[in-house]
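Here come two complexes built around subunit A, the first alongside subunit B, the second alongside subunit C.
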Partner chain A sequence: MTIALHNISKVVAGQTHIKPTSVVFETGHFNVLLGETGAGKTSLIKLMAGLDPMATGTIEIDGQDVTKLTTQKRNISLVHQFFVNYPHMTVFDNIASPLKVAGMAKSEIQGRVEEAADILQLRPMLHRRPHELSGGQQQRTALARAIAKESRAVFLDEPLANLDYKLREELREQLPELFAGRGAVVVYATSEPEEALLLGGATALMDDGNVVQFGPTAEIYRRPQTLMAAKVFSDPPINVAKVTKQGSTLTMGQSASWDAAKMNDAPDGTYHIAVRPHHVTPMPTPANTVALNGKVLVTELSGSESSAHFAMPDADWVSLAHGVHPYQVGEDHPFYLDPSACLLFAEDGQIVAGGGA
Partner chain B sequence: MKTQNQKAWFFVLPVLLLVAFNALIPMMTVVNYSVQETFGNNIFFWEGVRWFEELLNSDRFHAALGRQFLFTGIILAIEIPLGIAIALAMPRSGPWVPVCLVLMALPMLIPWNVVGAMWNIFALPDIGLLGYFMNTTLGIDYDMTQNPFAAWATIITMDVWHWTSLVVLLSYAGLVSIPDAYYQAAKIDGASSWSVFRYIQLPKMKQVLTIAILLRFMDSFNIYTEVFVMTGGGPGNSTTFLSIDLVKIALGQFDLGPAAAMSLIYFAITLLVSWLFYTLMTKDDAK
Partner chain C sequence: MRKRNLIPIVYILFLMLPIYWLVAMSFKTTNEILSGFSLFPQTFTWDNYVTIFTDPSWYLTYVNSILYVSINTVISICVALPAAYAFSRYRFLGDKTLFFWLLTNRMAPAAVFVLPFFQLYSAVGLFDTHIAVALAHCLFNIPLAVWILEGFMSGVPKELDETAYVDGYSFPRFFTTIFLPSIKAGVGVAAFFCFMFSWVELLLAKNLTAVEAKPIAAAMTKTASSAGYELGLLAAAGTLTIIPGAIVVYFVRNYIAKGFALGRV
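Take a look at the complex of A and B:
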């Protein structure tokens, strides 16, 4: 089963919210929409769900053109960021509501609801009202409704964003299992790069109403096609600096210069390099060989990892390393860059070299 | 030993005084009149429950009570569905929202006696716009002062015009408080607009509708000013509602005892119906 978007766009009062987008989402794995708040993830989902009108383009679900179909007739499910359940109905009735609307027989409804409730561990809560449930249970009810409906497409719009840390991890682990083998195309919107990596499958990177890159998640992470894509898919933010290339030498202003024989294909000139924070370490290693001198601005310790924001003459960067490092804020500290991990982008933002190319 | 802090009474005292002056004392005065026969020069004779007995057995009271319930029933049956329908039809956002809200609020801002006078003139058969249109253009014999049916129809139309807005505004407030997500969820479930109304909008409006019905019940059950100005209870006694009848007894005949007894029964009925209705409507929520 597939959802195919052909050139769809959204324009509200002369402003373009979604630029013409063509993507094919497939079943069998999670399709992640990754982008910051305001990148257009929810807008794109609403277009696919038929909740907002499209300016241009067509949508096909499983080969059927649904562009003109209303939301009611598209046979889809949607789980929101905040928990949407009908407050005056019990959990059972909430899960059953799309089935009742579809006029399904009572015995069949009973079976489907109980199956979904078992998967999401809601059995004991079936006769409660939503306000008597915890946030996690409320969201599980919404998920159960999506599962019981057995629709062709399931849209999950940051479904874990309003849950606490522990529940989020727990539910995130369960999610791929929940929808595995059900045949539905699952589209999952998130603003966290980590979630995209954990859920795997395919990722569509979104920025400013644009799908800037789409493909298998790992591939996109390793080789973003544009500087913008690299920025979207990195948390903490990817380190960027201007460099000049002359022969096989890359020079970052007064901060550093190193040999980049691997990038010899690229002509001489000015470029942007981007390198993920964990490729910049406070200790030299066999890979991390290029020394950078920085002044430590801010440090953060998160138990197993230490991060440091440091200033160089040409750019402010972030280093992320395993273990606890004794940084002194305000003091100079050497950092070591792994030159093979650098991505090289032309001045227009297109990738030139790096990322295992 | 348990120590008791009597100071707490001082904090309750202002409210007690306020309630005493605006409810208890006037009410006790009425209770006082209701058990006595009153003559001039402050001469009183004890009558016990005689006025209550007489009133409860009087055909005149039964007729007025019947008219009152009929009137209230009719206007509730019209105003509540009509109010909900108008609220549903109003725009949820955009430049027309304030225009609609102000238009809706206008009738409610007009003083009651002015409303009565307006409709009185409006309905005059010779020079009133409505009266002239009905009699001359449509050829229907329409005269509020002669025809009981015309009087009822006019008073009901007047009340619908005057007070449907209240139901509209309350329902509208209930409707706009429903997050878009519920409508979206319903669409995704495949719900028709009837199921959206039945399972999302109506339950969300339940509380404001309870208030709307209560307010409209109490107001229409106590209607006086407009009817007094428009028909004075006529033609005959056809629009003599409880309050009109009460004023006739109290000020027209100056029968203070029976009037006081009637006030208390009138009050008890209003209170009882309101309480019953409210208890029934909020029974589910208390669980």
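Take a look at the complex of A and C:
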């Protein structure tokens, strides 16, 4: 099963909210829409759900052109960021509502609702109302409704964003099994790069109403096609600096220069390099060989990882390393860069070298 | 403890005094009322109530009032529901301006509209009908109901609508089985305000009716002037007039504050 978007766009009052987009989402894995708030994730989902009108393009679900079909007839499910349930109905009726509307027999509804409730551990709450449940249970009710419906496509619009940390982790682990083997195309919107990596599958990077890159999540993480894609898919933010290339030597202003024989295909000139914070460490390693001298600005310790923001003459970077490192704010500290982990982008933002290609 | 309770008790007595006086009067004879001060009915009588419930010229005015108030409430709510939904869910040309100007009809005393209504209804043959009064009151009640309902509807997230469409609900089915139950407190409050306004309004109701649709309030003023002083009867009629209002207030008592804030709490 697939959802194929051909050239779809959304224009509201002369402003383009979604630029013409063509993507094919497939079943069998999660399709993650990754982008910051306002990047157009929700807008794209609403277009696919038929809740907003499209300016151009067509949508096919499983080969059937649904462009002109109303939301009601598209046979889809949608879970919002906010916990949306029907407040005057019990949890049972909430889960059963799409089945009742479809005119399903009572006994079958009973079976499907109970199955979904068992999977999501809602069995004891079936006769309560949504406002009597915790936030996590309310969102599980919404998910159960999507599962019980067994629709062709399931859109999850940041379903975990409003949950507290523990519940989020718990539910995120469950999510892939919930939809595994059900045949539905699952599209999952999130603003957290970490979630995209954990859920795997395919990722569409979104920025400013544009799908800037789409493909298998690991591949996109390893080799973003543009500097923008690299920035979207990195948390903490990816380190960027201007470099000049001459022969096989890369020079970052006065900060450092190193041998980049691997990138010899690229012509001499000025480029942007981007390197993820965990490839910049406070200790030299066999891979991290290029020394950078920085002045420590801010340090953060998060359990087993320490990060340091440091200033160099040409750019402010972030280092993220395992273990606890004793930084002094304001001190000069050497950091070590893994030159093989650098991505090289041309000045127009297109990738030139790096990322294992 | 005693001291703390004293002030509320005094205040409640103060509030209840006119109502008590009315109820007490309704059980007295007119002679007793005119003869001087008495705290309790000296000769307790049901006669005033018996008169009202047996004389059609009395009890039909109750029926008339209840009839046009009900018609008005039903029309106001039925018209205001779709209007309020549009204001709460859609952006359209001039929506904010229109929403504000809806209230202009509330900015003038009802007396202003008596003459045009009287002339218009006489011309089209609506004078002295229940529907005439009901429609006249709609002029004031629909805008109010739209404002109240819009406030309650805006408190329901748009995602609820979207979820229902995704689940396969058609718009009419969504509106009646999902949306209305979600704002039923708002519908109750709006209906209460329509009822209350229409029930207490005297000027339009009196001037747009003569015999067939005469409201209770008009009947009360008539009795005072023509058949001499029948104060006991008037007090009984007044007591009966309070009852429907009290019943309605009881049902929406928990939401009235929100209603006064036009649903925007």
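Going forward, the second predicted complex is superposed on the first by the 357 of 357 C-alpha atoms of A that agree within 3 Å, B and C clash if a C-alpha of one lies under 4 Å from a C-alpha of the other, contacts with A are read in each partner's own complex, and residues count from 1 in each chain.
Note that in this section a residue touches a chain if its C-beta (ideal position, glycine included) is under 8 Å from a C-beta of that chain, and two chains touch if they have at least 3 such contacts.
Note that the structure is a prediction, hence the values are computed from the model and not measured.
With subunit A as the common reference, the superposed partners subunit B and subunit C clash.
When the two structures are aligned on the shared chain, A:Val101 is found in touch with subunit B and with subunit C.
Once chain A of one complex is fitted onto chain A of the other, the partner contacts of A:Ile76 extend to both subunit B and subunit C. Of the two partner chains placed by the overlay, subunit B and subunit C both lie in contact with A:Leu51. Once the two complexes are overlaid on the shared chain, A:Val84 sits against subunit B and subunit C alike. Residue overlap on subunit A between the subunit B contacts of one complex and the subunit C contacts of the other covers 49, 51, 70-72, 76-78, 80, 82, 84, 86-88, 97-98, 101-102, 145, 149. Looking at the complex, you find that subunit C touches subunit A at residues 157, 159-160, 162-170, 173, 178, 181-182, 184. Residues of subunit B that touch subunit A in their complex: 179, 181-182, 184-185, 187-192, 195, 199-200, 203.
If you check the complex, the residues on subunit A that touch subunit B are 49-51, 70-73, 75-78, 80, 82, 84, 86-89, 97-98, 101-102, 145, 149. For subunit A in complex with subunit C, the touching residues are 46, 49, 51, 70-72, 76-78, 80, 82, 84-88, 97-98, 101-102, 142, 145, 149.
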